[in-house]
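Got some structures for you, see below.
Both complexes below contain subunit A, partnered by subunit B and then by subunit C.
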Partner chain A sequence: MQEKKPALAALSTAAMLLNSLAPVANANPPDQKTSVDYRYTNYKEGALEPSKVAEGSTERYTIDIHQVKVKTPVAGDTELTFSGQFETLSGASPWYVLPNADGEAVQVMTGATIDESRAEAGLDFRSYNERSESTLSVSYSGENDYTSFGFGYGGQWRLNKNTSTLSWGLNGSKDYVDATDAELYPGRPTEETKNRLGGYLGFSQVMTKNRLVGITLGVSNLEGYLSDPYKLAWVAGDIIQDSRPTSQNNVNAALRWREFVPAANAALHVDIGYYSNDWEISSGTVDLAWYQNIASNWQVVPSLRYYNQSAAVFYQPFYNQDRADGFYSSDYRLSEFSAVSARLKVARTFDRFYLNFLYENYSASGDHPALLSFDLLSLGIGTDF
Partner chain B sequence: MKKVLLLILLAACAQGCSQVKAWERGNLAKAEMAFSPDPLEDKIRNHVYHSKEASQTVGAGAGGGCGCN
Partner chain C sequence: MSQALQLHSHRFKAMGSPCELQYYAPAETAGLIFTTTRKRLNQLEQKYSRYLPKSVTSQINSSAGSGETIEVDNETLGLLHYADTLHKQSDGLFDITSGPLRQAWNFRSGKLPSREKLDALLPLIGWQKAEWNPPHFALPLRGMEIDFGGFVKEYAADQLAQILTGQGIEHGLVNLGGDLVIIGPHPDDSPWQVGIQHPRKTNEAIVQLPLHRGAIATSGDYERFMLIEGNRYSHLLNPCSGWPVKPTYAAVTVIAEQCLIAGSFSSIAMLKSEHDQDWLSNSGLAYLSVDQKMQLSGNIIETR
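Here is the complex of A and B:
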């Protein structure tokens, strides 16, 4: 074996040192560690104004959510991630809308408090190479009246000395709808199905040593039972089942900008999204966040989100006459509205674990009498070893 | 919104993509510069928005449940 000359050996050592010190921005190689993350979230919807409720409770849903994620290395370039989620839900929900004596829309809520739960489990298998990676995902979600099986397969190619990344993905799900109390409420669906298939392409670029920008374009198609199994519509004095088209095509685009501000030791996040479907709903989202690092491993993250959507072509709060196409929905989620959400997160990193606390307040405005507001409190904790 | 997206993308490109050397990427590799610094938080928030707004997201995987309330 030929002995290296001292100068060459020194250069080689320096190069190796530089490579080992150079963080791979825009990449996230397996760290050969096992990590465990847990998050508890309490979601509570605000009560409706009594003047907007014709019948039923003004109190809405409260949901407690437990999430856990465990990531563990399988080999030097592969890792497995298990994620689980369990939710308990209780409260009343909007049922249908009717006109009051003045012709104004007022909400009828479900009479009885609903108590139910949902469990979700997912498994991701990730394989990483120097220039690319891919992830295969499977998931399951189960409620007493709704079951969903999902899959996803996505990947990345890193180009131009890791300054550019091309990403892609395919995902889909098969859902089964079997509404409760269908024997008591004729028209409620049983043994219905819904299929979803989607895909996306993304590109991100290191613009400067403090700026990373990415754009994603996605399409998806939904086929099957797309109505809400529990909602009703008031049509010229009759109450009928929520009825929507059995197909929906969606297009969306997202732009994500990350800017590190060295003078402030902080990072600015700008996320902008656009969405459109063939029910003539289009929406825009702007989400701004400021990640402020402060002394002793503390971080404070104030953020603000604005969302606006147009109404579905067949949506009305109530119908004074029949529609030729037979589609009826008075669901507030298909109405035109805008929403503002303010969040504050405080995080602390310790030697072996992290802790963070998040609060969010969301408030929607528009013409529907049951538009949503909610408060969300969340506590996250995790460690790796 | 589409125009805003295009304008911002053009603004980003107009400033050019300087050749950032590997050893200059320390700030880019910080956790807060990730597209998704806290995946569990993003998951729960996206789940809420997906259940309460009409927009569909394009994330990999599926699930999410009925959201019928």
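Here is the complex of A and C:
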């Protein structure tokens, strides 16, 4: 290093002193803004094929969902987020499956179409440090026959100049099930409970300027009433209440790959997921999404997801004989099936607010007569100040 | 969760100048990075702008001559100490108390100030008159003013670059009205091209300098000036005489590790060049000067 000339030495020393007196900038503080977001979603399940329905309506659920989120700074390094959701639901749902004259599974739908609503509220308290952050969450969800209280605590550490991130979380919930019309349908549960406890660990790494990869591993355990209070099973001519084990252990793994493509001003997101539980359901998911930026304020995101799962060990569409373990469920969600979901999101940011629009088409295929298909339309708007 | 690095550009106006931030960062962190830097810049502007009545500068100026002393915080102390060093190293030419001369020099008027007007203002000028007993500071005469405008933008550029670096940014630049800090080259290691303003042609670069990292600042006689009978009167005023200096250079560009240093040397070089043309070449810094005939010289370009 060359010897500093007097003027340079004097001014450099004064500049060094000035820098040492400057307030230390917090590396990752909250943005100190209040933001408000609103989203409306219309979710409509596809009608069932009449040939697969033995009785009841072929029309399924339609759900209208309103979501509001308000985020506000509390102090220089903390912020509070309130989220609320209200949904109204109407339509019929799959009740039980029975064999027709040819021995093929056909669906019986619930007789009356229901009209129900559900309200949900959550509060997140997020706290930042230069190298880490953590969030404490509580939530409540209520409908006339179901109440759930949840909590979560999670965080992340940023390492290697923010190129590595280690994240972790613990969460749990306690649910109360109190089925409607239990007096009309003997066997429907009242005053049942369900406990859930889960945790995850994740690691992500910026590999190059254009590439990020990450992995997350999670486990969870459910104990209590895990059956569906409104579903029945056909067992050798008898109709009995859906009846599942009272515990379930789950493991899941997710791999994440983000590749920014400078030439296209776009990013490819690849997500691969694996899930398995001790009911012998295991599933795999592949999700591909292309985030195309257009100019500085438009983004178009087409994506495609493929999902495949195996059936629960005790699942059958209907039962010709009793099971020794006493577990019966003909819920389509426990059957073997695969599903394809196609989505398109278009987002536009303006100076003071953003708008986005999402469309999704989902359709499942497999042996169950009531496998799900749905269309989802969603419009989001938000601003900060 | 962060994503792969992409280039983010933000253009906005602050401290009376067009500003620009460019950096490569994961998309999801970019918003927060921008708001953090923007917040710090706002804070510095609120604190030191002489136009804002609640700023530290205005507090000091409005209490001038009242007998009241202002207790300043550490950062302001650092800036005052830096101003003191600038005053010493420039032999009194760089003086943050020169502000009242603006009342005499209206560069849009096309008229020279009257002798009487200047004579009335000159007693209000002089850093040596400031009463400074850290952390207390006072200006003894009503009408005296200080102004950090001569170097606070350069300091701000360094501060923003430091925040970006602290956020893990390795590739990017901060540009506050031509005061630049290059944090690091583009991710492919190519340099940023920095255009140096042509002193006589608006919005035209006289030369492009490729820079991988470091700070660069330019001082010129073209920022505010008037031409009267073929003579150029610029905003570079000698605080002792109250008249513009007659710089040998039309512009001086200096490259240093810090923008504050680059800006200080380019400013002092302009002020001193009338009487000491070797000061800059003896400074030990990389520089480029443009003389009044638009000839380039200095130690960072090959002379053709």
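By our rule, the second predicted complex is superposed on the first by the 355 of 385 C-alpha atoms of A that agree within 3 Å, B and C clash if a C-alpha of one lies under 4 Å from a C-alpha of the other, contacts with A are read in each partner's own complex, and residues count from 1 in each chain.
Methods note: contacts are C-beta pairs under 8 Å (C-beta built on N, C-alpha and C of every residue); 3 or more make two chains touch, one makes a residue touch a chain.
For clarity, every value in this text was computed on a predicted model and none was experimentally measured.
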More subunit A residues in contact [subunit B versus subunit C]: B
Please work out whether A:Lys33 is in contact with subunit B alone, subunit C alone, both, or neither, and reply first, second, both or neither. second
I'd like to know which partner A:Thr165 touches here: subunit B for first, subunit C for second, both or neither. second
So, A:Tyr96: does it touch subunit B (first), subunit C (second), both, or neither? neither
With the two complexes superposed on chain A, say which partner A:Phe314 touches: subunit B (first), subunit C (second), both, or neither. neither
Based on the superposed arrangement, let me know which partner A:Tyr225 touches: subunit B (first), subunit C (second), both, or neither? neither
Which residues would you name on subunit A as touching subunit B in one complex and subunit C in the other? 18-19, 21-23, 25-26, 28, 161-163, 204, 206, 208-212, 214, 256, 258, 260, 262, 267
Please output the residues of subunit A touching subunit C within their complex, sorted ascending. 2-8, 10-15, 17-23, 25-29, 31-33, 130, 158, 161-163, 165, 167, 204, 206, 208-212, 214, 256, 258-260, 262, 267
Along subunit A, where are the residues that touch subunit B in the complex? 18-19, 21-26, 28, 37, 39, 41, 43, 61, 65, 67, 69, 83, 85, 89, 91, 93, 114, 118, 120, 122, 124, 135, 137-141, 143, 145-146, 148-154, 161-163, 169, 171-173, 177, 196, 198-200, 204-216, 218-220, 222, 228-231, 250, 252-258, 260, 262, 266-267, 270, 272-275, 277, 281-285, 291, 293, 299, 307, 309, 312, 333-334, 339, 345, 356, 358, 360, 362, 372, 374, 376, 378, 380
Contacting residues of subunit B [partner subunit A, same complex]: 1-2, 4-5, 8-9, 12, 15-20, 22-30, 32-35, 37-41, 43-45, 48-49, 52-66, 68-69
Report the residues of subunit C in contact with subunit A in the complex, numbered from low to high. 1-7, 24, 26-27, 29, 31-32, 35-36, 39-40, 74-75, 77-79, 81-82, 84-86, 88-89, 155, 158-159, 162-163, 166-168, 170-171, 187, 258, 260-261, 264-265, 268, 279, 282-285
